Structures are given as structure tokens and as C-alpha cells.
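Every chain is named by a letter (A, B, C and D) in the order it is written, and numbering of its residues begins at 1.
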Amino acid sequence: MKPAILEVRNVTKAFGGLIAVKDVSLTQYQGEILGLIGPNGAGKTTLFNVINGVYKPTSGEVIFEGQKISGLPPYEVVRRGLARTHQIVKPLNEMTVLENVTVGACFGPQNLPLEAAQEVAAEVIEFTGLGKYADVLAGKLNIALKKRLEVARALAAKPRLLLLDEVLAGLNPSEVAKMLDVIRAIRDQGISILMIEHIMQAIMSLSDRIVVLNFGEKLAEGSPDEVANDPQVIEAYLGDPEMAKRILEEEEA
Amino acid sequence: MKKLWITLLLAAVASFGLAQTVTIGLTVSKTGKYNVESVNQLNGIKLWQKWINDQGGIPVGDKKYKVELKFYDDESKAERVQQLYSRLISQDKVDFLISPYSSGLTAKAAVISEQYGKIMIATGAASDSIFKLGYENVYQIYTPASRYLTATLDMLKAADPNLKKIAIVYEDSKFAKAVATAAKDYAKKIGFDVALFEGYPPSTTDFGPIINKVKASGAEALVGGGHYADGATFARQLYEQQATLKMIALLVAPASDEFAQLGDAAFGVAAPSQWEPLVKYNPNCGVTPEEFVKMYEEAYGKTPAYRAAGGFAAGLVLQRAIMDAGSIDADKVRAALDKMDLTIFFGKIKFSTDPASHGLQLGHDMVQIQWQKKDGELMKEIVWPLDAKTSDLIYPIR
Amino acid sequence: MKLLKAPLFWLIVGVTAIFALLPLLSNNITLRETLVLSAIYIILAANLNLMIGYTGYVNFGSIVFFGLGGYLTLWLVGSHHWGLYSAVLVAGVSVSALAFLLGIGILRLRGAYFALATIGVNEAVKDFVSNFDVWGGSEGIFLPFTAYKAMGGAGKALWTVYLLIVLVMGSSLLLSLAVRRSKFGLGLFAIREDEDAAVVLGVKAPLYKTLAYSLSAFLPAIAGGLYFFKNGSVVPEEAFNLNLSIEAIVMVMLGGQGTVTGPTIGAFLYERLRGMLLTIPGLSNFHMVIAGVLLLLIILFAPGGLMGWLYRIWPRLRRVLE
Amino acid sequence: MIEIVSSILDGLLIGLVYGLASIGLTLIFGVMDVVNLAHGAVISLGMFSLYFFFGAGLHPYLALIPVAIIGFLLGVLIYQIAVRRILDGPPLMTLLATFAVSMIIVGIGTALWSTSPYNVNFKVQTLNIFGYTVTSARLIAALAAVLVTFMLYYFLYRTTLGKAVRAVSNNREAAELMGIPSQQILAISFGIGTALAMLSGALIATLFPFTILSGSIYELKSFVASVLGGLGNPTGALFGGVILGLIEGSVAPFIAISWTNVIEFVIFVLILLFFPTGLLGGRK
């Protein structure tokens, strides 16, 4: 087994009386794609926010490459080699696509000077298929391109671990297919990926392992097959009618 | 043809010789916060110009210099003043300068006038500090701030030798603070106990906290104030909140005619004033106060306030210095100003020649006015100095 | 230096040279005194733009730097007999350091809260200085005439000060250009667009904002020192005039926030416009109203200001004028 | 001792008027996240409206009614012209737009009425309560401030329209889904906020002389009071105003008056830094 790149140890995050994440532990190994699934409100995005430093955990800790990163601000976490995308896209609207991606390259772990960062950004833009939009203002892109921009920005930091938060949501099938190609290509570069996804087919086919969260707690963990057949998981999703419907639809397809 | 040219040239030279002019430059706050005061001052200066030009101009030897005025609007703004005084000197080539209204603007103008060695008569500027910076060409007409309230305190001492505790409450602005600080020193010197010495912010409208402190201090008389708005409000609230004081003397506000609008709250309030239309000075030069008031009323249809008188006085002093010097040469005029010791309709004029305070006004004194009632009408009366008074001081007032 | 290849760099050098040479060669002091006001406005607007336009934080109290610079300079020159050059430098550095410390505190606030805090800071400093007797309290500081004599007489001193102000103006514009083209600037733009996203991308927002705030204090403080030295005196109401602060915002908005050339053009236009309105009889009382209507129209219909509008109809211009 | 008590009493009374002034500011912020920089200019307009109604022969306290109506209409107008279009833009835009409105109002006011002080001259009685001197105008102004606040509360919590205002304030999108016409509610809220500012200006005019610029002093005090009580929280604003008045009243006997402003602004900045939601807790 490869060494762990990320360890989440007994992390709890509470907002006042509301406990969003409760005593969650998980381990991600180098080079793998780890899927994080769960019904709406299960605490997936909150967990991402704890991992990359947007929130401080109420208790527990996050270890990245053997060093504790919980409690560090997000910009320190990126500099250690852990980048992320947002579920709700956050493009820097009045800046061009190239400038957006350059920000990622500039302030990542390599701390590149501006010109070197621009070169890296140009490469990443080509890699993610945004080449012809380089000089377009980010605010003018459609949603699919904005999602891809999120990925490109995070990737430009040359991270060793990438957190992807629902990069497929809201895309049409052909856009989904393109994005899946991008994600596979990223993995092929040796970058570990931790991803939240609702599109079951996609996450089942991509992930090496899957962790399931429900009501802030870890419900199950294992290979896609194990998880898909776990009665607890099915029950949890059945509690979420919308999700259950989605699973059914995908199975029909 | 050649002959004609020579004739024309001679004619031109001759006419030039006959109609010599001296140009005086200044800025006026036609807009902005000093608008009213500054325009009054300009009216006084213009009246002087008309008066002297009607006599053919300023007599210098056997020639006469017509007076020409050159002025611009400074918008009551410091940043305009330096721009415009530079223009007056370098582009309009004026011979002499008169200051803008207010100490603040005058200080800015002085930096410019001084670099060119141009003489500037400062009127409407009562600050002492401008004259302690080592300037050599600025001459002050007004009684400086340091002596604004000293005569008021003398008057109080004369009215009630037993009174001890006084309060000095001033607007925390440049002018009023300078006046109050000097008044405090003088009060102690002549034996008063300054029970409260305190400033209030210039925008104050609620004097409640201050009045509470005045009451708490046990002071029996109050001197201070600042400008018109705060002074009028202060007087009104002193009355409303029943502060029992034997004398109240405030800067600026009571000296203005609008102060009568306060009604009962105005009664008994005293003020130092640079000049009043009723003063009885015996000038040894120029016009008498009565003549000035009459001329002014004919020209503008209203009684002149002290700012207008200060404007006329500035012109008169300059005129006299040019006459004494027998020339418009700056060095000679400066020497004449340094030597000057006059009484004009505005009062005494004598400048400091000490290098540490050159140009500071030493001769001129404040008169004291008090709002009194004649047949139920509020009237402004001169109560001090005794030889200039129009009525006796009412004391105590409450 | 890549900067030297930018056409705008040479444009800035050229404009600065024109400001310096035009009155100098014609020995026209009136022109000098007119241009000095434009230069001061440009300095205030250009540096304010580092906060408003580049970082997206509305500083309503930027004038506090200008005023403090003036006070420190006049105090050092007047009471401690320092030379002007060392005094303005020390004033610039100290005010900048002070802004850094202050920034650590108030830059934790965002949006309207930050804007309100900057008003509070300016008013607190003004009221404090009005009571601070070391600086003359409400009477302010008056410079003895000997201070000018030390620089070869007032005539020469005022020329020197003018050229220095023009130099500070040129430096302000170059600073705007350099920051815009730097990694630091990129980080600031990211903060302006979305601070949370910027932080996640690795921008050290707390440090960057504070540095921008501190940087935007440096040149205005020096300019304040020079300007009040030229005036010969400084009093609280002139030094910490909140209106001038807000006029500076109007200039930035008029020209186009976030651009390099915009605030300069805005400042110049505003100064001219104000002067024009004041000289038209009947309008002189309404210049505030007209400025207000102008500001409102810009905000409602052209939030990018003049340059933003020009760049939209002629995008190539952005490459040249930035 | 008696001076300290009367100083604190004065502070309390004037604090209630500050409170009324800041409720208008905080209401608008609470409902639409707009810091209304035209607040001070509107307060000045309230002062002048009272002056002219009084000049026309109306009793000053009766004149409060037309002043409030004018204030409401003016507020709706300001909202429609200057605020509506940019409500969803960056906060800078609404700050600057309301500031532009302030420049326009103050500019017109200066041109019409100059910056010289005006006075509403009516007979004021001086009351002696247990040896403390209080003018009747101060007492009435404070009582009027409390009364208006109660009326506002009745409106917000007991009327349908008021409940709609609170719904839009909590969550505009949700309110729209429930069929509440949010644009109208926003306009009405801006109108009420402006009316409250005009009313406080009118009450201040019964106490002190004023100029077109006077409003800015009370605008700054409103900021301080609102922030003390938590921006967006009307009860907090009244409370903040009283605290502010009490600070002014209670420090006055012990330090030079000119330091009060320094203390106020330092408190203001400190509260913003350490209690950004105010002492009572803000809306969020």
C-alpha cells in the first residue's frame, strides 16, 4: 500500500449548537482518487472547508503529508500543495481566464514569479481545454467553462492533492464527458484527488475508494462496489428522495 | 511723418507722467465661508479707493498716484490664495498687497508676499503667530488675539474689584484659543482665579455639558466664545439654562447686529470689538469716524461694521506710508511703516519693529460693547474705554 | 526591466516632465500654482486607487495620511530644525508604518464596515490632533520663515517644493503601473474580485491588504509634507478635511477605478471642471450639486468611469494605457 | 454632585434623540445592506423643513407630521433614482450613490440657505425637577423620540406591511417566493428610514441652531450609535444612542469637552473591530 497523503483524524465541526461534521476520520493514499458522497447536508463541503483551512475544526486534526495543517489559513494550506475547487464557482469576474489561472500558479506551493506563472497558466489552460478563452473575462464564461476554470486555477498551483467539489454538477452529458477526461488526465499526472460528486455513475467509475457521509458522520468506506451494495448507504440515500431518484435514473440509463 | 511719431510719443510720455497709478492687489472671498465678512472688508477698501481718487490720488511730492485695485475670488480656500497672490505679484505686477480676510488665509498669502519682498497690509487677521515667524513685509491693522480680551478683563476688574472666580470657555479653533490662552495669563496676572479654562469643538451646538461645568466651577463671570454661530448659541443656552453670571463677554458674536435676534438672551452680554461706528477717536490723519460712517452709508446704504472699517483703514495706512516715504519704493515705504505712529478713525496704529514680532499691531485697542435696553429695544452700547463710552456698564447682569 | 518597454511608462515620464518643465521654462509662477493643485489631486487619487480600484476596499478617510504627513513634516522642520528632505522621508515612512499597524486592525472589516471605520479613524485623528498640544492643538503649526531661508530663500524653496511634488506625482503613477503589472498587484486584483476565492488560491489576503493600505499611505504622506511646507502652516481642519478625501473618490470613479490612467485623468478633469464651474456666474454656488449629479450618473450608468467606458468601446486601448 | 447628575440626565435625554436618528440609518442597512450616506443631509433637511413650517405658523410639534410625510416621499424618491438600480452591485456603489445624493442635497441647501445658522425661535420653558434644570424642549424631544420608536415597533411587529418589511429584511429571495413584492417593500423601507431621519432632524432643530451642514455631525453620531447597538438592529440603535448620550454626559464633568469626540470615535473604531455585530448583537 502506498503511503497516506491526507489523514483526517476525528474531525468535528460545530456551528453553535449545530454539528455539521461529527468525529470523521478518513485516510487518502498517494495517487488515488477518493470519492466523498452523501445526501445533501451530509457535511461534505464543510469537511472540505475544514481540510483546506476555511474553517478551523472544533476538535480533531488534519494531517497532510505527515504534517498537521488544521488551524492553518487556506493560503498556507495551498502553499503546502493542497488545492481545491468550489461547488459554487467563484470566478474572478473582471479578470481574464489567463489572469485567473495565473493567480493559481503564482500563489501555489511553487510561489512562482509572475512571468513563470503566466507560462504555467498558459499550459494549464491548454490542458483543460480553455485555450481559446484565455483573454475572455471570467465573468462572461458559461457555467461549464466556469467549472473548468475552477479546475484549471486549482491545477495551476501544481498541487499534490486536489479537492474537487461537484465539478460535474450542472453540466450536460457531453460537458461531463469532457470533464471526466480532464480528471483522468490529472490523475495520470500523479496528482491525488479527493472529490465530492452527486453523479453516481461518474464517481463510481472514477474512484478507487469511496467514503460516505450522512448527517455529518462517516457511514461507510470501501471500494465502489462495496459501498454501492451497503444497505446502510442505500437507506441513507432513500431518505433523500431526490438523490434516490437520481440513482434510479442512472441505473436505468 | 517722423514729426508726428515724436509728437505722439511725447504726448504719451506726458500723459503717463500726469496719470501715475499705484496698483494694490488682494484676494476676496466672494464665495465660501468667509463670503460676508470678506465682501464687507472689500467694500471698505473700495470706499477708500474712491475717496482718495476723488482727491486726485495719493500725493507724493508734486505728483499724484491714482489707486488701482486688482482682486480675485479666493473661494475662502487656502489652496487658491497662494495661486492668486503669485499671480498678482508676477503677472499683474501689483505694487502693494492687502491681505485676504482671516488669519488662516493671510498666513498662506504671507508666504508668497514674503518671497518677493512685497509689502502686505493685513486686515481681518488678528493672529499673533503670523508675526512671529520672522516676516519682514507684513503689517497688521487689527488688535492681535493676545490683546482681544485683556481690556475686557480690565473692565471687569474696574466694575467689581472683589470678584475672584472667572471661567474662560473658548471655541477650540485657532483664533479663539490664542485669545483665550492670552486672556488666561493676563487674568492671573491681574489677580483673577481662573476656575474653569476649557475649549469646545467648533461645531458644538449643545452647550449643556459646558454650562454644567461652568455652574460646577463656581465662576461668577464668563469670558470666551469664538465665532458667530457658536457664540450666539452659547449665549442663548446660558440664558435658557439659568446660569447665574455677573458678566458674560463673548468674542465676535455679540459685536454683530444680528445678535439682537436672541432677544432676552442677548441682554447684558458684552463683547470686545475692533471698532464701532459710534467711537469717538480724534484722528490726526484722514477722516473722522463720523465722516467714514456717513460716506459708507451713502455708498452702501447701511452702517459699516468693523470689517469694513478695517478695510478702509488698511488703505489709509498704506496711503499714509507712501506719503511719508515720498515714493512708492518698497524699502522707503517699509521704513515709513516701521516709523508710523498715528491715530486714525479706526484708532491708534503703531507696528512692532522687534525682529521677533515685526509688523504686529501695538497701538490699536479694542472697544467693549454691551447689549443694553433703551425703551424696551436692545441696543449695542460702547461701555469701555471710559473716554469713548456711550453708556455705563450694566453690572451685574443677573 | 520589462517596465521600460511599456508605452505607458514613457507616457508617465513625459507627463511628469511636462508638469515640471512647463512652468519652469516659462518661469510662470501662476501656472505653477495652478499645476500644483492638479498634481496634489493626482497623487491623492492615484494612491487611493490602490485601495479602491486595485484591492476593492473603499477608504473614505485616505486624507488622514496626507494630513499626518503634513503635521509630521512641519513639526520636524519647525520645532526640530530638520531639513525638508529628511523630514518628508521620515514622515512618509512613519505614516506608512502607522497605516500598516492600523491596517492589521481595520482591514479585518469588509465592505461598509471598513468604509465606516475609515471615517471613524479620520475623525478620531482630527479630533485628537486638535487637542494635541505638541502639534499646537487647534492652532496648528506655523513654519518660521527661516525654514525657507535654509533652502535659499522662499522663492527658490517653493520652486524646489513644486518640483518635488511633481516628482511624487510621477512616482505615484509609476507605482500604480508597477503594482498593476506585479504579482503583488495580481494578488490585490484577486482580493478585489473575490477575497474568499483569492485566499483559497493562496493569496495571503490579510498581509496583501495591509501592505496595499500601507503603500497607499506613503506617497500621500510625503505630498502632505511638501504641500503644507509650501503653505507655511497646517491646522487640523485643512489637514484632515474629509471632503477632500471624498472628492478624491469622485476623481477615481470619474476616471475609472482600477485602471492606471483613470484616476489621473479623473483628478485632472475634476480640478478643471471645478475651476470652470466656480468661474461661471450663477453656477459657482452649485458646483457641489453638479459634482454630485456627475458622480451619481457615473455610478448608475458608467461604473467603470471614463477609462472603463473607453476600454469597452475600444478594448485595444487597455493594452496601451492600462 | 448635582452637576454630575444633571450632566448624565442631559446625556440621557439627548441620547434618545441620537437613538431616533440612528434608527433610520440602521433600518435601511438592516433591510437592504445599504449604508445610507445621505442620512446626514436628510437630517439637515428635517431641520429646515421644521424651520419653514414653523415660519408658516405651524406649532413646531405639530409640524412633525408633515415633516415625516415629506421624509417618506423623499426616501422613496431617493430609492427609486439612486439606489434601486445598483442594489445588487458591490457595496461601494450604494455607498457612493447615497453620498452623491448627499452632495446634491447639501449643495442645493448651501446655495439656497448658505451655511449660516438658522434658529427655530419659540418660547422654551425651563423646568426645575428636584433641583435639576431641564428645558421643556429637551424633555419633549426625548419623549417624542421614544414615542416614534414605539410606533415603529408597532408597525414592524403588528401590521402586515411591517411583517413584510421584516421578511424582506431576513431573506429577500424567500420573501419574493412567498409573493411579497420586494421592490415596493424596499422602497417603503427606504422611505421610513428617511422619514425617521427627517423627524430626528426636526426634533434637533427645536433644541439647537443648525446649518445645512449640521446633519453630518448627527450622521457620524448615528454611525456610532448604530454600531454600538449592532448595525441593522433598530432596538440596538436606540440603545446605542442612549449609551452615546450617557458617555457624553458622564465623561464631560471629568475631562475637557473637546476630548469627548476623540473618545467617541475611538470607541466607534474599537467596537467595529472587536464587536462588529454591536454590543446587543446585530442582524447577522
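Just a few scattered comments:
We adopt the following convention: a residue touches a chain if its C-beta (ideal position, glycine included) is under 8 Å from a C-beta of that chain, and two chains touch if they have at least 3 such contacts.
Not measured: the values here are computed from a predicted model.
When every chain is reduced to the mean of its C-alpha atoms, the one closest to the centre of the whole protein set is C.
Averaging Cα coordinates per chain places chain B and chain C 37 Å apart. In whole angstrom, the spacing between the mean C-alpha positions of chain A and chain C is 43.
Inter-chain spacing, taken between the CA centroids of chain A and chain B, is 77 Å. Spacing of chain C relative to chain D, judged by their CA centroids, is 32 angstrom. The multi-chain contact residues of chain A, meaning those touching 2 or more other chains, do not exist; every residue touches at most one other chain. Residues of chain B in contact with two or more other chains: 172, 199, 201.
Counting partner chains per residue, chain D has residues 256, 258, 261 touching two or more of them. If the chains shown are joined wherever they touch, the resulting network has some other arrangement, not a path, ring, star or complete graph. Annotation, chain-chain contacts: A-C, B-C, B-D, C-D (touch as defined at the top). Within the complex, the chain C residues that touch chain D are 52, 56, 58, 105-106, 108-109, 111-113, 115-117, 119-121, 123-124, 127-128, 130-131, 138, 246, 249, 253, 285-293, 295-296, 299-300, 303. Within the complex formed with chain C, the chain D residues making contact are 29, 33, 35, 81-82, 85-86, 89-93, 95-97, 99-104, 106-108, 110-111, 220, 223-224, 227, 231, 256, 258-259, 261-262, 265-266, 268-269, 272-273, 276. Residue ranges on chain D touching chain B, taken from their complex, read 3, 6-7, 10-11, 14, 114-117, 119, 121, 124, 126, 133, 135, 207-211, 214, 217, 248-249, 252-253, 256-258, 260-261. Per the touch definition, chain B reaches chain D in the complex via residues 33, 35-36, 172, 198-201, 203-206, 208-210, 212-213, 215-216, 228-229, 232-233, 236, 240-242, 261, 263. Those residues of chain B that touch chain C in the complex are listed here as 31, 73, 75, 78-79, 82-84, 86-87, 89-91, 104, 107-108, 110-112, 114-116, 129-130, 132-135, 172-174, 177-178, 199, 201-202.
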